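The same chain A turns up in both complexes below, where it pairs with chain B and then with chain C.
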Partner chain A sequence: MLKKIHTILNNMNLQKVRFTVQLLSFVLFVYGGYFAIDFGSKLPIFACPYNKEAVGACYLIPLQHQLSMPAQVLLGGAGIGVIVGFLGFLFWFIFLNKAWCGYVCPFGTFQDWLTMLRKKMRVRFSIYTQNQFEDLSKIKYLFLIIVLFIPLLMGIGVLGSEWSASFCQMCPARVVSPMFSGDFSQWIIDFSSITAMILTALGMIFAGLFLLGSFVKKRFFCFFCPMSALHFIFSNLSMVQLKKDGSKCTKCGDCYAVCDMQIKDIADDVTSINILRDDCIMCLKCIAACPEEDALHFDIFKFRAFSSTKEGFEKRMNIEKPKQAEVKFSQKGHSDD
Partner chain B sequence: MVHFVKRDKNDIFSKPVLGFLFKNSRFLLLLRVTVAILFFYALYFGFAHPTRENIFTTAVFWGVFWALFMVVTLPTFGRIFCSICPHGFLGKYITRFGLKKTMPKYLQNRYIGIGILVVGWWGVYYTFDGFFKSPLNTAAMFSGLTILAFIVYYFYKDMSYCKFICPIGTLTRAYDKLSFTKLETYSQSCKECRTFECASACQYNLKPFTFAKKNQTDDCTLCMDCASSCEAVAFKFTKPAQQLSSKLKILNAEVWTYILIFASIPVSMGFAHGLNRSKIADEFIWNKTAEFFDLGHYAGGFAFLYAIIFSVFFATFGIYLASKILKKDYDSTFTNLGVALVPLFIFASLGHTLETFFTKEYKMIIEGFAQGLGFLVHVENIAQRGDGWLVYFELFKWIGIVWAFMLLYKRMQLIEATKLRKVFGYFFASSVILFYIALNIYTGYVFSKYGAKERGEHGSSRDVSHSPVSESALQDSKRVKKNSTYEAKKPIIDEEQIYFSLTNTSLKMHSHGGRPEAKGTIPTKKVWLLADTKNSPHDENLTTYAFDTMHTLIDLKSQNNAYTFEIPKNGYYTLFAVSQNSKDGNNFYKVAKLEYLHGNHGSKDIYTEDIKKQLSQNKTKIDLIRIKSKDEDSFFYTNQMGNTLTFQAFLDNKPLQNATVNIELQSAWIKKLQTDENGTVAFTIVRDYFPSWNEFDKRYKQNMLLTLKYSDDTTNYILTYPATYYPNNNDYESYGYALMLMTLTLVVAGIVVYRYRKNRLKPFKEESYA
Partner chain C sequence: MTNAIETPKEKQNRHKAMEAIKLLNTLREDFKSPLRSMEYFYKLFEDVHCHQKALHEDKTKIGTMCIQIPSEIIYALDGVPIRLCNGFYTDDEIGGDLLPQKACPLVKATVGHFASGNFSDMPDIVFSPTTCDQKTKAGAVIESFGYKIFDVDFPRTKESEASREYWRRSVKQFAVELSKFQGKKLTRSNLENSIKKIGYAQSLYHKLSDFRKLDVVPILGIDVFLVTNAFFFDKIDNWIEAMQNLLKELEQRVQNKINVAGKISPRIVYTGSPPIFPNFKIPQLIEESDAIIVADETCSSNRMFNDMVAVDEWNLYDMMDSISDKYLKACTCPIFTKNEDRIRRVIQLVKAYKADGVVYQAFAGCTVYEMEQRSVLEAMEKEGIPILYLESDYSPSQGGQLSTRIEAFMESLKTRRRNKK
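This part shows the complex of A and B:
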C-alpha cells in the first residue's frame, strides 16, 4: 500500500500539481479577503497587506513595527511580544520550509505567470553568470539588515518616524500586490519627507525592475527577497527538507538546467546531504528532472514524500513516445537556452 | 628562516591597514614608546597633583587602559593590551642586562598574580570605598608594581614577571581564548626550518611554530618579535573562540581566573552596587554579617567575600557533580568544562564599560588628557543616563550567558560519555551560569517589588525604567507648546457651548487618554468635557450617555470633567452629554456629541457595512449624524482636507430643516450653512496647511468643531460635534512622478536587456590587426 502511494507520488506530473497549488493559494491569499478569511500577520510569504483583500500579512511588516518600538519598551517586556510574533512566524514556516516560496507565495506565483507569458510570447530568458549570481544573491541579506536594523535605529531615536516600515516602502510587492484587487493607490511617490520620497521612489524603481526583470528572468525578485534570507537562517528547523544522495548523482546537470533559481550546487555538490541553498524556492523541479533513483528526495521528517525515480522521470519526459517528448521537453525550459 | 610566504586570505598581516598596525616593527616601537611616556607622565602627574583636581591620572589609568581598552580588545583582537604594556616593553631591555636566573619554583606560581589582583585590588576596592579614586593612591600603586616588575625582570629570565607575578598576566592569557585572532605559523614553511628564528626571537621562551599544533598560544603577548624575525609567522582571523571548539590544554589557574574574576566583578558588583541600592539592602546576608561583626562601614568587603564564596561553590560543586555523572576525574573535567565560563565576565563587563564610556568616561578622558597636556577643554557626554539606546548594553551580559551555554555545549561534545549522562552533566556544570541568571532576575525582581533606596542620584542601570515616562512627558510638553501657541491665537470656543475633547486642554497638558494597558484588560478611552470657560461644566442637570459599536448603552465613568469608557471592539463609539438650563427666560438645551472611531491594529475585526450604520437614539432631542461615505472602509479612517462631509440634523428623530450649522476649523476658517429639507448639510474641508515641502508633516492633525443651532418657540438647541482632519494624500503623493519613474525604469532596463542580448547574439570575434 505504502509502496503504491510512493509510486503514485513519484510519478506525478509536478508541473500540473504545482500550477494548481499555486493558483489556489494565489486566490486564497490575494482574494481571500472577500471570503473574510484571516491568517494573521505572521505569514512567511509576501502576502502583502497593502492589498486590502489579502488574508494575512507578510511577517516583515509586524517585525518592522515591533522592532521600532522605543528601546526601553522593547527590552522591557514588549520584547516578549516580538518573541511570540517570531514563534508565530516559525510555526507557519516549519510546515513548508522554503516551499512557501515555491508553492504559496503569491508574489512568486505572479513571477511564474510572467514567465509563462514570456514563453507564450517566445521571448528567450536571461541568466546570470556565476559571478553575477554570487554577488547578487548577497543583496537579500542587505535587505534583511534593513528590515532588522532600521527599526532598531528608530527605537533608539536615531531615525524618525518617516522611516517606519522602510523596507515596505521600497518593496515592489507593496506596489504590485494591490494591483490584483484593482487598487493602484500605491503607485505613488510620497513627497511628505525626503526620506519618504527616496524610499517610495526606490519602491517604484524596484517595481519597474521587478516587472521587466521577472519577465526576462525567472523568479527575478526571489534573489533579493529578505524573506528568503530569513527562511534560510531557520531552514534546518523545518520538518520538510530537500536532500541529496551524492553517491547516486552522475552530475548530468538536468537539475541545474530546470532550476529557476540557477543554483549550481544542486548538480555540483555531491558531498552535502542537505542540499537546500539560500536561493532555493523548493519548487522540487530538480527532483522531477532527476533520472537517478533516489538521488534527490523531498523528506517530510524521515518519510520520503517525493523522490527522483527513473520511472517517474521517463513518465514525465514521455520517453516511450518520442514524438511528444520534444514538446514536453521544451516546457521544462531546456529549449529556451 | 623564511623570507617570503604566500599569505592566506584570513592573515591579518596581508591586510593593508591592519597588517601595518600589527606588523611594522617601527610603528610598534613608536607606539610602545608613546604608551610608556604616557604611563610615566601620568605617574609623575599623580604624585605632583595628588588631589581629586587631577583628572589626568585617573583618565589614563581608569579611563583608557583598565576596563575600556582591555575589555574591548581582549575578546576581539586578543592580548594587544600586553603587547603595548610599558612593563613588558621595558622589561625586555632590563632582562637583557639582567642576571637571567631561573625563577625559583615557589615563585613560578600563577596564583601569585591572581591573588594580587583579586585580594589586593578587588578586595581593597570593595572594602575601602573610593580608595583608588585618589590619583595619589593610583600613582603609588602603579609605581610599586613598576618597581616590583623591574626588580623581577632584572633577576629572572624569560619574562617571568609577566607569566607569574603580573596581576593581569594570567587574566589576559585566560580571556584571550575568546578572541577572533590567532598567532601561528605556516606549518608548510616550518617543516624545513632548522634555525627556529621565531623561537630564539621570543623573549618569553615560547615556540611559535608549535602554536598551530597546540591549538593555543601559551603566554604569547603578541609583541610580534617573532613576526619580524621570520615571514612564516602569521596572525590570522579565526571564528571567535575557535580554539575552544577542539581539544587544548587549559591550565587550572586559567579556570580559577574565570571563576574568581567572575566572582569579583559581575557578581560582587551585583551584590555591592546592585542589590545594596534596593530598599531591602539591610536584609542581605553580607550586610547582616557586617552588622554582626560591627563592621558596617566595610560591608562592601563582605559582599565581595560572599560573592567569592557563592561563585566558587556553584562552580566547583557543579563541576564536581558533573564529573561524577560523566565518570571522569575532577581535574580534567574542571579545566575542560570550566573554560566555558570565559564569556560571562567579559561580556557583562563590556556592556558596563561601554555604557559608562558613553555616559561618563568619554568626558573624563577628553578633559583629563587635555589637562595632562596643559590646556582646558570642556566637552559634553555622548549620552545621558537613561537614554533609550543605552539599554542595548544591558543585552551584552545576556549575550555572554548565551555564549557560555553554547561553549559549554561544545566542550561537552569533546567529552566521551553517554547522552543521558551528558544531559545531566551539562545541567550541573552550568550551575554557575544559572546562578548568574538567577542573580540578574532576582535583582530585577527586588527593584520592581521594593524599589530603590531613596538616596541621591546614585542609581543603578535600573533608573532607565523610569525614563519612558519622563520622555513622553517631554514630548507632551513639546506638543502642548504647539497647541497652546495655537490656542493663544484663536480659541475654538463659542459662547455657552460644551464639547467633548480627546485632549484635556483645561490642564494645559496633552494626554493620549488611556495608556496602553496590560494584555487581557479591556482598553479604555478617556475624553474630557469642556466648556467655553475651559473648566468643567459644573452642571447639576448634566446627563451623559455612551453607546458602543453595537449601539447599546454602556457605562461612562466620570471624574471631574473626564469621562472614561471601555473600547473592547473596533468601531464607532458615540458619546452624548446633555445639559439643560435656563437663563433670562431662555431655555438652553445643550448637547455635546462625540463620535470616536477605535481602530486597533492587533484586532481581527473586519470592517463591514454594518459598522457605518447610523445610530438613532432617543436620549437626546437633537442630534447631528454624520453620513459615512462609501470610501470609509477601514477602522483607521481619517478625515482629510478636500473630503466632503455630510451631516444630517434631527430633532425628535425627524429631519430638521433650516437649522444653522457652524463649521469652524482650527485655522479659524468658518462657514455657516443651513440644513435643507432633509436636514442634511454637506461641506468640503478646505486645505489650510501650506508648509514648505520639506517641513510637510503628513500626520499634521487639526481639530474642527461643528455647532448645530436651532431655536424654536421654547428652547434654544445647541449641539457640538468635534472632529479631526489631516492633510490630503494628494497634497504629498504624486502619481505622475511615480508613473514617470516607472516608465523610465522600464525603458532604461528594457534597453539594457535588449543591448545585452544583441551583443550576446553576435558571435565572439577577436580583434586582430595583423
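This part shows the complex of A and C:
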C-alpha cells in the first residue's frame, strides 16, 4: 500500500502539479482580499500589501517597522513584539521551507509565467557564467542587511523617517504587485525628499529590470531576494528538506540542466546529505529530472514524499518506444528492489 | 577454387572469422539454458565478422573512437555511429607492427583494423576524442593511412568549470563539423527525437539490468556484453526490437525461475578495460568458473547506457549542453586526474546488485587503468569488498594462468558466502 503511494507520487507530472498549486496560491494571495481572507503579516513570501487585495503581508514589512522603533523602546518591552513577530514568520516557514518560493510566492509564480511566455515565443533563456553567479549570489545578503540595519539606524536616530520601509521603496514587488489588481499607481517617483526620490527611483529601475530580467532569465529576481536569504538562515528548522544520496549520484548533470537557479552543487556535490542551497526555491524540478533511484528526495520529516526514480524520469521525459519498433511488452513484474 | 593463394585480406577475414565463431559457438553451446532471443545477436556478429556483411550501405557511417562522441548528434544529423574500438587479436597483431610493442591491445587492434582497410562498413569520417594518450596519438596514425579524421578536444580534468565549458564548446564544434560534412542542419526537433530514441534504448538497457539484480539471475554477463557491444554498430531500430524480445523472454524466465548460474555462484561486478568482441576472455573465464557477472563499470557496456539526458526547455543549445555534461561529468574513464567517481560507482554497483566481489581487468599497456588499480584496490579493501586485479591482453595463449587465479578467487568468494550463512 505504502509502496503504491510512493509509486504514484514518484511518477507524478511535477510540472502540472506545480502549475496548479502555483495558480491556486496566486489567486489566493493576490485576489483573496475580495473574499475577506487574512493570513496576517508574517508570511514568508512576497505577498505585497501595496496591492490592496492581498490577503496577508510579506514579513519584511512588519520586520522593518518593528526594528525602526526608537532604540530605548526596542530594548524595552517592544523587543518582545519583534520576537513574537519572528515566531509568526517561523511558524509559517517551517511547513514549507523554501518551497514557499517555488510553489506559493506570487512574485515567483509571476516570473514563471513570464518564462512560459518566453518559451512560447521560442526565445532562449540566458544563464550566468560561474563567476557572475558567485558574485551576484551575494546581493541578496546585501538586501537583507538593508532590511535589518537601516531600521536600526533609524531607531538610534542616525537616519530620519524618510528611510522608513526603505527596502520596500526599492522593492520591485511593491511596484509590480498592485498591477495584478489593476493599480498602476506605484509607478511613480516620490519627490518628497532626496532619499525617497532615490529609493523610489531605484524601485522603478528594479521593477523595470525585473520585468525584462525575468523574461530572459528564469527566476531572475529570486536570486537577489532578501527573503530567500532569510529563509536559508533558518532552513534547517523546517520539517521539509531536500536531500541527496551522493553514493547514488553519477554527476550526469541532469538536475543542474533543469535548475532554474543554476545551482551547481546539486549535481557536483556528492558528500552533502542536505543539498538545499541559499539560492534554491525548492521547486523540486531536480528530483523530477534525476534518473537515479533515490539519489535525490524531498522529505517531510522522515517520509520520502517525492524521490527520483528511473520510471518517473522516463514518464516525465516522454521516453517512449520510437515508432519504427512497435513491439508490445509489459513492463511490470521484474523489479525486486 | 581457382585462387590457390590467399590474399592478406582473405587471410585476415579468415582469422577474424575463426576468432568470432569460436566465441559465438561457446556462447551458443557451452553454457546451460541458453536464451532463444540471444540468437539475434549471435547471428548479427556472425554475419558481420564471419561473412563481412554490410549493415548500413545506404547511410553515411560516422566512425567514433570512444564513447564521448554523442551518438544523439550523429543520429540527429542522419548518420550512423560506428564505434571502432576493436577486440580482434588478428588486428592487434597487424597494429603491433605500427605501434610500440607495449601499447594497449585495444588501440593496436583499432589501428591495425584501419591499416588493413578491411571494413564491412567503412566509416566515411572518423571523430576521435582526445581521451587517453594512446587514442589521442592513434588518430594521427590513422589519418596517415588516408582516412578523414577529426579530433574532438576532450579535457583531462572534470572538476573545474573551465573543463565543462571547454567540452561544451568541443561538442558544439563537433556538431558543426559533422553538420558541414553531412550537408544537413542540426535542428531542435531532430535532436529531440534522437535524444528520445537513445533514451528509449537506454531505458531498455536499464530494464535488462533490473533482471540482473534478482537472486535468480536469468542472463549471463557475457551475453549482456554481447548485447551492449552490438550497439556499437547495429541498426538501432533492430537492436531495440531484439532487446524487447530478449526482455520478454527474461520475464518468462523469471516466472519459471530459470537460473543461468548455480545456487552459490559468486556475483561479480566487472570493472576496468572494456571487453570488446571477440575479446571476452576474462568474462568468459569468470562465468566458466561458476561465477556470474551481475553488473559492470566499463565503457563497452554500462557506461555507454547509464546516463540519460534530461532537458528543461528542449532548445537546441540546452540539449547540446545537457548532452555534453553527461559525456564529461558522468564519465568514469581512468584518463581523468583523479577518479573518486569511479570508485563510488563501483561500490554503488556492488551494493545495488548484491555482488560478492569485483574483478578489475586492465589491458597490459593500458597505463591509466593500470595506474588506477592501487587506489581502487585500497578503496575496496576499506569497504570490505573482495577484489581481484588481472592484467591481460588479446593473445589466445594466456588462458591457463588466468583461469587458475580466477578460479581461486571464486572459490574464496564461495567460502566467504558459506561462512556468512
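Just so it is clear, the second predicted complex is superposed on the first by the 320 of 337 C-alpha atoms of A that agree within 3 Å, B and C clash if a C-alpha of one lies under 4 Å from a C-alpha of the other, contacts with A are read in each partner's own complex, and residues count from 1 in each chain.
In the analysis below, contacts are C-beta pairs under 8 Å (C-beta built on N, C-alpha and C of every residue); 3 or more make two chains touch, one makes a residue touch a chain.
Predicted model, so just to flag it, every value in this text is computed and none were measured.
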Worksheet item: Where does A:247 make contact in the superposed view: on chain B (first), on chain C (second), on both, or on neither?
Response: second
* After superposition on the shared chain, which partner residues are touched by A:266: those of chain B (first), chain C (second), both, or neither? -> neither
Q: Give one of first, second, both or neither to describe whether A:291 is in contact with chain B, with chain C, with both, or with none.
A: second
**Asked** When the two structures are overlaid on chain A, which partner does A:67 contact: first (chain B), second (chain C), both, or neither?
**Response** neither
Check the residue A:170 against both partner chains and state whether it touches chain B (first), chain C (second), both, or neither.
-> neither
Quiz item: In the superposed arrangement, does A:209 touch chain B (first), chain C (second), both or neither?
Solution: first
Problem set entry | First, second, both or neither for A:310, with chain B first and chain C second | second
Practice problem: State whether A:144 touches chain B only (first), chain C only (second), both chains, or neither. | Solution: neither
After superposition on chain A, the chain A residues reached by both chain B and chain C are 124
Per the touch rule, the chain A residues reaching chain B in their complex are 36, 38, 40, 52, 65, 70-73, 75-76, 124, 126, 155-158, 161, 184, 187-194, 200-201, 204-205, 207-209, 211-213, 216
Note: in the complex, chain A contacts chain C through residues 119, 122, 124-125, 130, 246-248, 250-258, 264, 267-268, 270, 285, 289-291, 310, 313-314, 317-322, 324-325, 327, 329-331, 333-337
The chain C residues in contact with chain A across the complex are 159, 161, 193, 196-197, 199-200, 203, 206-207, 210-211, 213-215, 237, 240-241, 244-245, 247-248, 250-251, 254-255, 306-313, 315, 317-318, 321-322, 325-326, 329-330, 341, 344-345, 347-348, 351-352
So, in the complex, the side of chain B touching chain A is made of residues 387-389, 391-392, 394-395, 464-465, 467-468, 471, 601, 604, 606, 633-634, 693-694, 696-699, 729, 732-735, 737-739, 741-746, 749-750, 753, 756-757
